[in-house]
Structure formats: structure tokens, C-alpha cells
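Here the structure is laid out as C-alpha cells; the discussion comes afterwards.
To keep things simple, chains are lettered A, B, C and D as they appear, and every chain counts its residues starting from 1.
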Amino acid sequence: MAEHLELSQAVSRYVQDGDTVALEGFTHLIPFAAGHEIIRQGKRNLTVSRLTPDLIYDQLIGAGCVRKILFSWGGNPGVGSLYRFRDAVENGWPSPIKLEEHSHAGLTNRYVAGASGLPFTVMKGYLGTSLGQIAPHVRFLDCPFTGEPMAAVRALNPDVGILHAQRADRLGNVQVWGISGVFREVVMASRRVIITVEEVVEELERHPGDFVIPAMAVTAVCPAPFGARPSYVQDYYNRDNDWYRRWPGLSKDRDAFLSWVEGSVMGGSG
Amino acid sequence: MTVVGSRQLRNGMSCFVGIGIPSTVANLARNTHAPDLFLIYEAGVLGSKPYRLPLSIGDGELATTADSVVSVPEVFNYWLQGGRIDVGYLSAAQIDRYANLNTTVIGPDYHQPRVRLPGAGGAPEIAAHCREVTIIMRHTRRAFVSEVDFVTSVGLGPAANLRSELGFKGAGPVEVITDLGVLRPDPVCGELALVAVHPGVEVEEVLEQTQWPLQVSPSLSITDPPTDEELAVLRDLISRS
Amino acid sequence: MAEHLELSQAVSRYVQDGDTVALEGFTHLIPFAAGHEIIRQGKRNLTVSRLTPDLIYDQLIGAGCVRKILFSWGGNPGVGSLYRFRDAVENGWPSPIKLEEHSHAGLTNRYVAGASGLPFTVMKGYLGTSLGQIAPHVRFLDCPFTGEPMAAVRALNPDVGILHAQRADRLGNVQVWGISGVFREVVMASRRVIITVEEVVEELERHPGDFVIPAMAVTAVCPAPFGARPSYVQDYYNRDNDWYRRWPGLSKDRDAFLSWVEGSVMGGSG
Amino acid sequence: MTVVGSRQLRNGMSCFVGIGIPSTVANLARNTHAPDLFLIYEAGVLGSKPYRLPLSIGDGELATTADSVVSVPEVFNYWLQGGRIDVGYLSAAQIDRYANLNTTVIGPDYHQPRVRLPGAGGAPEIAAHCREVTIIMRHTRRAFVSEVDFVTSVGLGPAANLRSELGFKGAGPVEVITDLGVLRPDPVCGELALVAVHPGVEVEEVLEQTQWPLQVSPSLSITDPPTDEELAVLRDLISRS
């Protein structure tokens, strides 16, 4: 059953150095407040997983929290490169990081297998690509019925799944609507689940196209208003596209990035 | 390039769209000759009708104007792998003569890349599963290489039966549209050949910007210039984004 | 793109003798009107698939439409046996039927594989059971990562998927809420999709917890008010439990069943 | 039988519920000592709190009082196979000494059954994946057989390591509650033994109703009779359904 905790408590209690952590949210509902709390608490040697590392992992990597990254598309959408990510890959700064690289479908299906309690699942993909040769958790097999070549991807079960949602109720049931990405899969695949929410309400009023994650599947719910900024929360606030465009200026240079972290993350509380 | 790309789209088609040029192309078509084009974005957005061009693949604008929003597993497994998409649009940092694409790393060693690119995203599945794939990219000698450094998305060769060996249902790349002209694959061996140039472009220029000895179609044509309406709609789309 | 058709037109045009047909709906939204139309049109040699055959397949079997049935639980829920189903299995009346029997999870995953464009998918199931020995579309394999034993189930792609939903709009977009069972999977797995709806509206007003099937994935939409009776449609009408309790009296005896078909199905139009 | 079954459920547990006795048992517990029992029905209904007892597994009442309603693939793959359920309830037409269950056919030949039963439904996955399984059924000589005619759902043997060989994560059946008493498996070999009888039931009667030579626990106990509260709640539940 979900506990209601302050974000700092939840991160301190449930995110350990060396953990595999998935902070997901496909463009929508990216848990930036939780990412900043991880930076503030100086977590180290994390393996982090995300389809689109986005600015949130650029920040975690630049702050030295990350030892290994699982991902499938590592850019600043519509803007260009993630400079902290590239600096770590190309120059090992602030420390070298290992890459485990997938297609969106491949990493998604690693979560699906993990959520399904399976050791692996199958897909048509990776066949004929160089990705299929470098990805460590991909094998090939033949369909036992038709003989067709298939890819098997290994289940991913993060130690901690961290997500952002619109609302939770007092019992810890969490309500989400809009683009949901791999929200359900990360909840069901992860050993512990932290969900930050825009607001905690007495009772959830259902919303068109929404779904509810029962408290039963959640470890901690943490209030974090504007906790997805500069990404967006449907029906709460819009994506701050200007901020995404400003990020290269704040992050291309190592010193500029460090002073941004010092001024905007370490001092803050969310 | 954008205008020529948009002309390939027929009304009622389902079109898997990435951000950037593909999104502009598809929305140009939707605002001109193909109002019922069914746009699918990889964030799980089905039947989106954006008024502005989105900056990111998961913009709120895409979701709120959509017929339906589904999860990422559903869009990749049911819609894309399930064979529901007529045409997918791709771009890349490198393309080779068989339309294999690289969006991962530049340089011979994956582990010591000269340039680290964003990576695969949805591209490998778009290349594998859409009924047809159209590639749109700038035509430069750095991009049009004899062999890509990394095969992110599978094209049409070198083996002629490559796709059927891999069990892919989609036909793969049927057209490469660049700022210089249009390339199409040889129906037998899959090698790209130049079939059209844009008005004012010399064949010589295209050959210079291609690292492999590019075949030129004997029936080489010149593309129609953008109409006033096409240009007006495009300017309007860009201005409100 | 979806066509708007009368149910009789849709069944006549898209259901052929010998087809594999899935009329689904997990207790909720069972497409009885479409089933009755299939009986009226005298379709023959159908392979029919459904997790819970329920009264709808009891009727199709008794009326002689069915050559083979794929199922996972064949009872009258909370009441007892399906007598037409049992009479066909045990005595071959009105004609012998072949069985392909699964667990709910097994048949569900056959649809999931079909919807996913895969030749098969994997699950932990069938292992150690007699079901695993008799089911023709189940094979066993070892996980390529862990060596664990797994079951592979073959994809099922019905020729026609037939479903009932709350609403559709003029364009053929279909809106569903409440218990959805394998609705999405049958839509995506089937070559042709017929959806009967309670009402056709100008524009869909979104409803809490709903989802929308784009017209792109639907072949024909047919108006069929009360088309799921005696099952139910959430926010339209309740399950007619008394009717389920009355069914044994109408169906246990062959002659009683035939006169019910003659009086209640052949004469009707829905 | 219903009352004894309900006592095993602890508050806050997740419980996978079938229609009939399991549903009555779980709702009795929810209305007495375990108000926060999390009920999951195979129709995809999560956290249901029905006021009436449902006739069918997918009754509207179950969905409208639930925390969440998910698809059938999601409930079977993510919730059940995903190992999220503490306890599952099963019943059967036949049970053997290792608690293998048959709900498929009676008779030695599957293709020429003496009696055609409803089939598997969700039972094989409940038996495989729930952390624990409780079986509730009437204790008759026809049902308690030496060997089931058909293994619909896997129990605890004959091989002692059967479940780990099959890779099942759940412990399997931990208790069989009947109208005569309670059976539990031997922790080593998995064979069921009689551990309790209901007030007024003789051991002799239980042995007569069991086709195999049933072991009797040396510490055999007598179950507590239903309390007035338990009976009142049960009557109330049944009366409004």
C-alpha cells in the first residue's frame, strides 16, 4: 500500500547508490522534481533507464549520479544534442558512463516483459541491424511454429520506478491521463515505485481517457506541484519549449552547467 | 523537399510521423490535398490534427487534437509491428546505396564514436514494419556514403532478398527525397538511383554529393516546382508554430 | 476507414461460411444482436473464438453455424452448463464440433500475438497441465537468457472480429468504457472488424475511463440498440440475470431450443 | 466452509477472486475483519467493493465500485503472471492428493468425455502465479480422487520439486477447505493431510469421502464455529444479492 511521503524522504529511503532506476514519462509527465532530488542527495553509480534521456538524464549525468544508461533516443527533442550526455560518452566527464542502447520498441518490450513476470519477450526487431549486435540483452531465436527469425529481449525490472502523474487520493491511488508512454509498464515492472503528483485530493474525480494505478502497486506518493517542469502536465501546465531551447546554453559548457546545478538544483527543494 | 514529400501522401493513408521534416511534410499534406490523412506519432497519439507544428514528439497539442491516445507498447506492438501503417517517414545522418540508415554513431568504432548521434528511437521499427518508407534528408557527401558506419534501420540490401530473409512484411524504402532531387530503388537489386532533380539542380551536383557511383535513371525527370498554394500553406504552418 | 452499415449488410458482406470469427466481450458488451444475425443468415462451418462461449455461442452452436470452437471457459456464469455446447460435444448434435481449448491467459495471448503482428508470444503457463498436451497451438521452449521453461502460443488472427460498444461517431470512431476484456486485441488482430453500437452520435463526448478505437481500424459500424442483451452495456442497461437463469429451461431440450430460435431469432431483426 | 475460508484472509492482502464461493468468502472477509482486502476479478476489475454478490465475473456492480478496470491481457499478464497477487481461490470438480485440480472433463478420454465441464478459465494461472492458493470445495468421494482425469491446474506433485522445475514463483495450494474440514499439504512431499474437522464431523466420514488413503495430522483440531457476527454478515450479503 502506498505511503504518502515528502519527496526527499522517498528518495532517501527508496533510492540507493548502485540501484537501477527508471524515471520515465514520454515527453509528458517527466519527473524533473524527483531527478533534482536525486542530484541534491548525491546518489551515485545509478543505472538509469529511459526511452528518451531528455534533459532530466542530461542533468543526472552531468551531476555525476550515473554509471550506466539504458536508452533508445538521446537528444533534446526538436533542439539538438544533449551536451552532458555527449561529454560523458565522448570524453568521460564527469565520469565515464556505460551505454546500453535499444530501439524504442526494444526498451519498451524489456519493460513489458518485466511487468509481465516473464524472463523475456519476443518481437520483430533488431534483425539485420547493428543494434542487434551491440545490445547485450537481445538474442535471436526462430518461431517454433513458422520458423521465422525473431528477437528475444530480456526483462527489465528496475529497483525503483519513478513517475509523475496528475493526482493521487489519500489512499495512494494515482490518476493519469494524456500521453502515458510506458507508465503502467514501469509501475508493474519495478520493485519499488515512487510517484510524484501535482496534487493530492480527497477523492479522485474520474477524467475522460484517464486510468488509475491502484495504491496496491505504488510504494510512495509524493506531492510535487510543477514537478514535471519544463516538460508538461496535461490540463495543468504546458511544455516550456523556450526552456528546452535555452538548455544548450546552460549545459554545453561544463562550468556553466555546474553553476546552473549549484544555483537552480542544490539550492532548491523541488 | 518538404513540398515534394507532401505530394506522395494520399488522402486516407495512415502515416507514422517523426518530429521535424516528417511532421512538416505530413501536416502540409493534411492542409492541402489530403485532409483525412491519419497521423500517428510514436508517443501513442493516433489521428492527431495539430494546428501548430509540434517541437517535440509528445507535445500536448498532438494529444488534445487526436482521435485516441494509447500507450507506447500499444503504438509499437499493435499499430506499427501489427502492420497497420501505410507509410513511415525517416531521416538520418548517413544513408548508403541500399537505403540503410544510420542515426547512432559516426566513426568505425561504436565504443569510440567520432560523433555520438541521438540513436534509434522508433526508426528501426518504422523501417521494418510500415508498408512503405519515405526518406527525407539533405543531400550531402557526408551523408550519402558507400556504407553506413552503423545500421540503425534496415534498407534493401546488399542481399537482394534481405527483407524477406528477415521476415519483414513492409516493402522498406520506396523513395528518398532530398533538397537536390528524388532517388528510387532498383526493383530487383534494391540499389538507389536518381530519378528526378529539382528545378535548377544539375545531375553533376547530385553525383558530387554522393560517395558511391550513383546510377541515374534514363527517364530522369524534373520535379514540379511548389505551387503558390503549397508555399502559402507551408509558410502559414511555420509562422504559427 | 469504417463504413456505416446495417447489421444485416455487414454480416452478409463480411462474414463468410468457413471463416474464423471472434465475437468477444468479457461478460460486458457481448454482441448478441450480431450473433442472432449470423444465425438468421444461416452461416455455416464457422470457427468461432471466445474466452467464455456464454449463451451467444451456445445459440450459434445449437443453430448449426459452428464447426470448431476456440474457448477457455464454457459455462453459463453463476448458473451452470451450456446445454447446446455440451450436446454438440457429447452427442454431436446438430453436428459434431471440434474443440480447441485454452486457459483465459492462453487464448488472450493468442489474440495479443495476433494484434502485435507476431507469429507467437510467450507466457508462463500450460506447463505441467494436461491442457498443454491437448492444445494444438502451444509449444514449449527455454528462455534464451535464463533457461527457464516457457510456453509459446501461436498468434490468432480471426477473419472477422465482432464487438459491441457504447457509441460511434459519423466517421466511425468507436468509444468504449467499462470492462473491456480483449476488445483492443480483437480489433487489432482481426482482418475485418464489425462493431455494433448502442448509438451513433455526431461527435464523441469523452467519458471517464473510456478509450476510442480509431475508424482507421474498423471495417463496419452498425447501429444495434440493446445489441448486447441479455448481457449489459455500462451506463445503458444492466445484465439481465433472470434471462441467464431462464436459459437452461429454453435450451436443455433440443425442441425447446429450436422453437426458441424460430420464435425469437428467425422472426426478429436484432 | 465459507466462514472458515474468509478467516484466512488478512487485511490489505490482494486476493484473486472467482465467482461463487470464492467471491462470497472474500466479500465476507471484507465485511468483517479485512475491510481493506484488495479484490481482483479476472474481468480486469481491480479493488472492487461490491455491495451485492455478483452472479457473473464481469457484473457491472464489480466495475463501478472498483479502483480501476483494466484489460484482460493486463490482468493476466501484469497482475497475475507479474506476481502481484497474494492469494487466489480455486474450486474444482476433482482434486487429487497433491491438490492438482480438474475443471475440464470427467472420464479417461479427453475426446470422449463422460462429463464435459466448463474448462480452465483463469484457474491454471491462479494456481501457478498467486503467492498462495486456497481451494474451497465440497468434500465428496467423487471429487477427492487418487488421480485427476485431467490436470487443469497444477498442484504440488507427484514430484516434490514439480513447481520449481516448472519455474512457478507461487507456493501453490496451502489449504483445502471443505464442508467437512481443512486439509494442508505436507511441507516436504506436498501430499494433503487432514488437519481440522468442523464441529460435529467425524474423521471416519472424511476418510470415507476421500478415494485415496488420507493422512490425518496427529495434531488434528476442530475449527471454531461461525460467530454470530460472521453468520449475520453472510446472511445479509446473500439476502441482498
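Everything below uses one rule, namely that a residue touches a chain if its C-beta (ideal position, glycine included) is under 8 Å from a C-beta of that chain, and two chains touch if they have at least 3 such contacts.
The shown structure was predicted, so the numbers you read here are calculated from the model rather than taken from an experiment.
J.: Note the shortest touch-path length, in steps, from chain B to chain D.
T.: Tracing touching chains, the least step count from chain B to chain D comes to 2.
J.: Averaging over Cα atoms per chain, report the distance between chain A and chain B in Å.
T.: Distance between chain centres: 28 Å.
J.: Could you put a whole-Å number on the gap between the CA centroids of chain A and chain C?
T.: 38
J.: For chain A, write out the residues touching at least two other chains, lowest number first.
T.: 116-118, 123-124, 148, 150, 184-185, 209, 211, in rising order.
J.: Multi-chain contacts in chain D: which residues touch at least two other chains?
T.: 77, 81, 129 - these are the residues of chain D that touch more than one other chain.
J.: Once the touch criterion is applied, which pairs of chains come out as touching?
T.: A-B, A-C, A-D, B-C, C-D
J.: Which part of chain A faces chain C closely enough to touch in the complex?
T.: Its residues touching chain C are 116-124, 137, 139, 141, 143-146, 148, 150, 152, 154, 206-211.
J.: Taking the touch rule as given, give the residues of chain B at its contact with chain C in the complex, in rising order.
T.: Answer in residue numbers: 12, 14, 36, 38, 46-47, 67-68, 70, 74, 77-79, 81-84, 129, 169.
J.: Which residues of chain A touch chain D in their complex?
T.: 1, 115-118, 173, 184-185, 188, 211-217
J.: What residues of chain C sit close enough to touch chain D in their complex?
T.: Those in contact with chain D are residues 26-28, 51-52, 71-75, 77-79, 81, 85-86, 89-90, 101-105, 108-109, 111-112, 123-131, 134, 148-150, 178-185, 209, 232, 234, 238-239, 241, 244.
J.: Which residues, counting only chain D, touch chain C once they are in their complex?
T.: 19-20, 42-45, 54-60, 62-64, 69, 71-73, 76-77, 80-81, 104, 110, 113, 116, 118-125, 128-129, 150-154, 162, 165-168
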